[in-house]
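Alright, structures below, take your time with them.
Each of the two complexes below includes chain A, the first together with chain B, the second together with chain C.
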Partner chain A sequence: MSIKQTSMVAALLMACPALMFGAGTVKGKVTFTGTPVKQKPIDMSKEPSCAKQYPTPPTTQTIVTGEGDTLENVVVYISAGAPDETTAPTQAVTFEQKGCRYMPHVLAMRVNQELKVVNSDQTSHNIHPLAKVNREWNKSQPPGTPPLSEKFDKEEFISVKCNVHPWMRGYFAVLKTSHYDVSKDNGSFALPNLPPGKYTLTAWHEDYGTQTADVMIAGSETKNVNFAFKAKAF
Partner chain B sequence: MRTKIFQGMFVAIGVAFLAAASLCGAQEMESHIGSLTGHSNDGTKLYKRYCFYCHGQYGDGAGENAAWIEPKPRDFTAATFKCRSTTTGFLPTDEDLYKSIARGFSNSNMPPWAPLSNQNRADLVAYIKTFSPRWKTEKPAEVLVVPSEPPVNIESISHGHELFEKLECWKCHGQEGRGDGPSASTLTDSKDQPIRPYNFAGGANDSRFKCGSENADIYKIFMTGVDGTPMPSFGDVIKPNDAWDLVHFLRTLQVNRKSKENEVLKAAGGKLLPEKPAPPAPEAPAAPDAKAPGSR
Partner chain C sequence: MGKLFAVVVVVIAIASAVPIVMHTWAPPVDISTHGHAIDEQLKDTMVEAGISFLGAQLVLAFFVWQVAGRKDGPIKTFPGGARVMVIAAILLVGTEILALGVLGQKAWADVYFTPAKPDALQVQAQAGQFAFYFRYPGVDGKFGALHPDKIDEGNSNFFGLDPEHDMDSRDDVVTGELAIPVNREVHLLMHAKDVGHSFYVRELRIQQDFVPGLDLSVHFTATQTGRYEIVCTQLCGLGHYNMRAYLSVLSPDDFDKWMKEKAAQ
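Our next item is the complex of A and B:
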């Protein structure tokens, strides 16, 4: 190996400790205890083009649960211990309006990552992220128009709504770290490629709030961390 | 020993004084409206005299009158403003704020402050900018260019009506612009306060919009949106000429207002032109081995 090659490998290892010491993974499940509020059916009768897409009225998505009391749509991320990552990924994330609902209901992205908003419906929507730290904008998107391209330059959990269809609510989780996941329908999440270190994990749910847990990664290991939220009665 | 303690105290007080002075200095803002320059220090007394009781000491819209006012006074700490010539989500220009103060907001408790001098209003604009750090950290936004208005005729009004339907403005404003569309009763502003869509048909000959009374003001309203409310920006989806057509149609919804648009519509017997059929989509050339659907 030439000096040049050796120095390149050394630089790579220094830049990415995970390569040098092995990368760990944190994975686990998000569950709830107690009895969650039953989700209400959405009355889309004022928007027939959307209503006809469902054999039975869909329900609100504030609390989405699975078998074994698992909880979906929980953002789990490294909130401390990892350096802030300033370079946004080049790949955009997509937020789709389909059947007068948001897909996904909770979309996580990085600070300054491109967000594409798509309207797949036959009706106009307005995309209105109710940002407090970032800029609050509000744009109309009639059917058949190209995707909107936006980005947020600060970390924030942002509620998104469509004013025309008041049942449409979603969330953007804008994060400074690349180590995040959103819990699946079985409550599972996984944060791979973690260099050795001590981290704080935060789990965020739109209605149940946040929980944190500390975890130590020593090398190429997998640590299990589970979160259990207490369901609200109302 | 005692002398040293006193010296230390003097130094500490001096440092604290300098820090406080620099902190206050950091809050000083200016506004620039044409040849006028406003100074926030000069705006302080004016704010306490005229604005304080509604907008509050901290500019958060929580003045002692706020509880009795609907819609609620603007929260300057959020730096979200309704009437702008800038893209949705961006700060307004100094001139936008200056005009808002002079014009007031119809259908609200904010009166026109035209009796104040131009300099007073410029100073108030500068003072309002001290309530949010966004004025220090954000670059000036791009200002919307309003192209010259094409002539009003029945074609432009009719096309404007087509856009009103296509863009589904009626869902909030109603088919006749009376603010009674199917979504009207469910609308809330960014602070979750109920809000009604604009009723074009209400008011008399002098009826005007919150953000001005000229055709160019209407153009700006829907191209930039009314931030903090459900009214979105259509700037990404309407071309300038189409936007003017929509302005011409919206004027006809102001049935009690004398306007060129209403005269043109009346001269046409009150009837809009039928919608032009959409041009046929160009046929895609058939692939050499194309087969009829379902054929094998």
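Our next item is the complex of A and C:
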């Protein structure tokens, strides 16, 4: 092994303590108890180019459930125990305006990570993240314009609306940690590559609020953590 | 040159009158019970203004033709001088406007000074940047109270209802389109959520502003089923050009069916 190769391996090992001590994973499911409020169909008739993309009107996405009372769109992340990560990933995250809805409905990203906002519709949008900790802005995007590029420099959960289409709603979760996931349609999430340590996991839902759980990772093990939110009738 | 100008004035005057006399651009079909009075009024105004316009242009052309090329002495002044001319003009125009007002007051009063019938269908219309939303009181016939702090558009709570605590609001039906039964009077209660907007349906011959802070209303009866466009005609911001909704005038049976369907959602 040449000196160059040895030093590269050493650098890699130093950069990833997880590799040295074994990496743990936290997996689990997000569910709800009770009866959630019924989601309402969205009337998009004023925007025919969007309305015609749906055979039946799409519903609001505040509560998206799956089989077995699972809950989608819950952000699960390490809120304590891991060091803040200051260097943002170079890869951008994409938030799409499509069919007069936001895709995905909940987008998690890192502090200072590039956010690309794409308009795939035949109509103008005006994206308006209602930031309170970060700087608040809104930007118009006529059809066919290139993606907008933005970033947020502080940790915050931000509600996003369109100033042109009142029914459009999405959320940005701007996080200081790289250990996060958004629950899938079966309610599952997974946080891999966790170095050994004691962590606090937080699960955030736009309507049901937050829940936390403590978890201890000793080595290359997989811990199971589940969250159950209480559904609100209204 | 002067004579050519006189000819041009006559040609322009007649050319602009032709499409109006020939009804080249007909107004959209009238689907309301009060619309014919407004159309009559518009017709009277067009006839009166048209005759005055043509008369004025022809007189102008006549005098231009008369004095064209003349270099001798001053042209005769109006008998009695400028003061008499101004008074005569004020009297003439004043009489014209007063006459139109007297003729039109009934059409106006029928819409604005007469209350809606007690059995009229109550619908609340809310204008906000940049969409209209409508609310029906539901089977209890009562509108739930409004709580602006509860407005949550991402959850389709456009009016700020509180179904958790307010029983009246639980059966309220909120829609993005205005459906009404044909031949039944509708009392539209209007409020603006943010800035000034306007409710305009050409076929209904109704145009009424929404004013923030004021509860305004209009009432009308539609006489033909169909789907018509409701547009905002008060510049309200960036998305104004795209602020619209649809009016569906349905048969009573279809309306009941539509209402049941919406209430079930």
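Keep in mind that, in the parts below, the second predicted complex is superposed on the first by the 219 of 234 C-alpha atoms of A that agree within 3 Å, B and C clash if a C-alpha of one lies under 4 Å from a C-alpha of the other, contacts with A are read in each partner's own complex, and residues count from 1 in each chain.
Here is the rule we use: a contact is a pair of C-beta atoms (placed from the backbone, for glycine too) under 8 Å apart; a residue touches a chain by one contact, two chains touch by 3 or more.
Quantities reported herein were computed from a predicted structural model and do not represent experimental measurements.
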Checklist entry - Between chain B and chain C, positioned on chain A by superposition, is the outcome a clash or a fit? => result clash
Next on the checklist: Taking the superposition on A as described, I'd like to know which of chain B and chain C A:Gln141 touches: first, second, both or neither.
Outcome noted: first
Next on the checklist: On the A-aligned overlay, A:Thr62 touches which partner chain: chain B = first, chain C = second, or both, or neither?
Outcome noted: second
Checklist entry - Of the two partner chains, chain B (first) and chain C (second), which one does A:Ser124 touch, if any: first, second, both, or neither? => result both
Next on the checklist: So in the superposed three-chain picture, is A:Asn163 touching just chain B, just chain C, both, or none of them (first/second/both/neither)?
Outcome noted: both
Checklist entry - Which of the two partners, first being chain B and second being chain C, lies in contact with A:Phe189: first, second, both, or neither? => result neither
Next on the checklist: Touch test for A:Tyr180: chain B only (first), chain C only (second), both, or neither?
Outcome noted: neither
Item to check | First, second, both or neither for A:Lys132, with chain B first and chain C second | outcome: first
Checklist entry - Which holds for A:Pro41: it touches chain B only (first), chain C only (second), both, or neither? => result second
Next on the checklist: I'd like to know which partner A:Phe234 touches here: chain B for first, chain C for second, both or neither.
Outcome noted: second
Checklist entry - If the two structures are placed on top of each other, which part of chain C overlaps chain B: 75-83, 111-119 or 237-245? => result 237-245
Next on the checklist: If I apply the document's touch criterion, which positions on chain A are contacted by chain B in one structure and by chain C in the other?
Outcome noted: 46, 123-124, 126, 140, 163-166
Checklist entry - Tell me, which parts of chain C touch chain A in their complex? => result 128-132, 153-156, 158, 163-164, 175-177, 238-239, 242-246, 265
Checklist entry - Contact residues on chain B for chain A in the complex? => result 78, 80, 87-90, 166-168, 171-172, 182-183, 186-188, 190, 225, 227-237
Checklist outcome for this item: Touching chain B in the complex, chain A uses residues 46, 123-124, 126-128, 130, 132, 135-142, 145, 148, 163-166
Checklist entry - Inside the complex, what are the residues of chain A that reach chain C? => result 38, 40-47, 60, 62, 123-124, 126, 140, 159, 161, 163-169, 207, 233-234
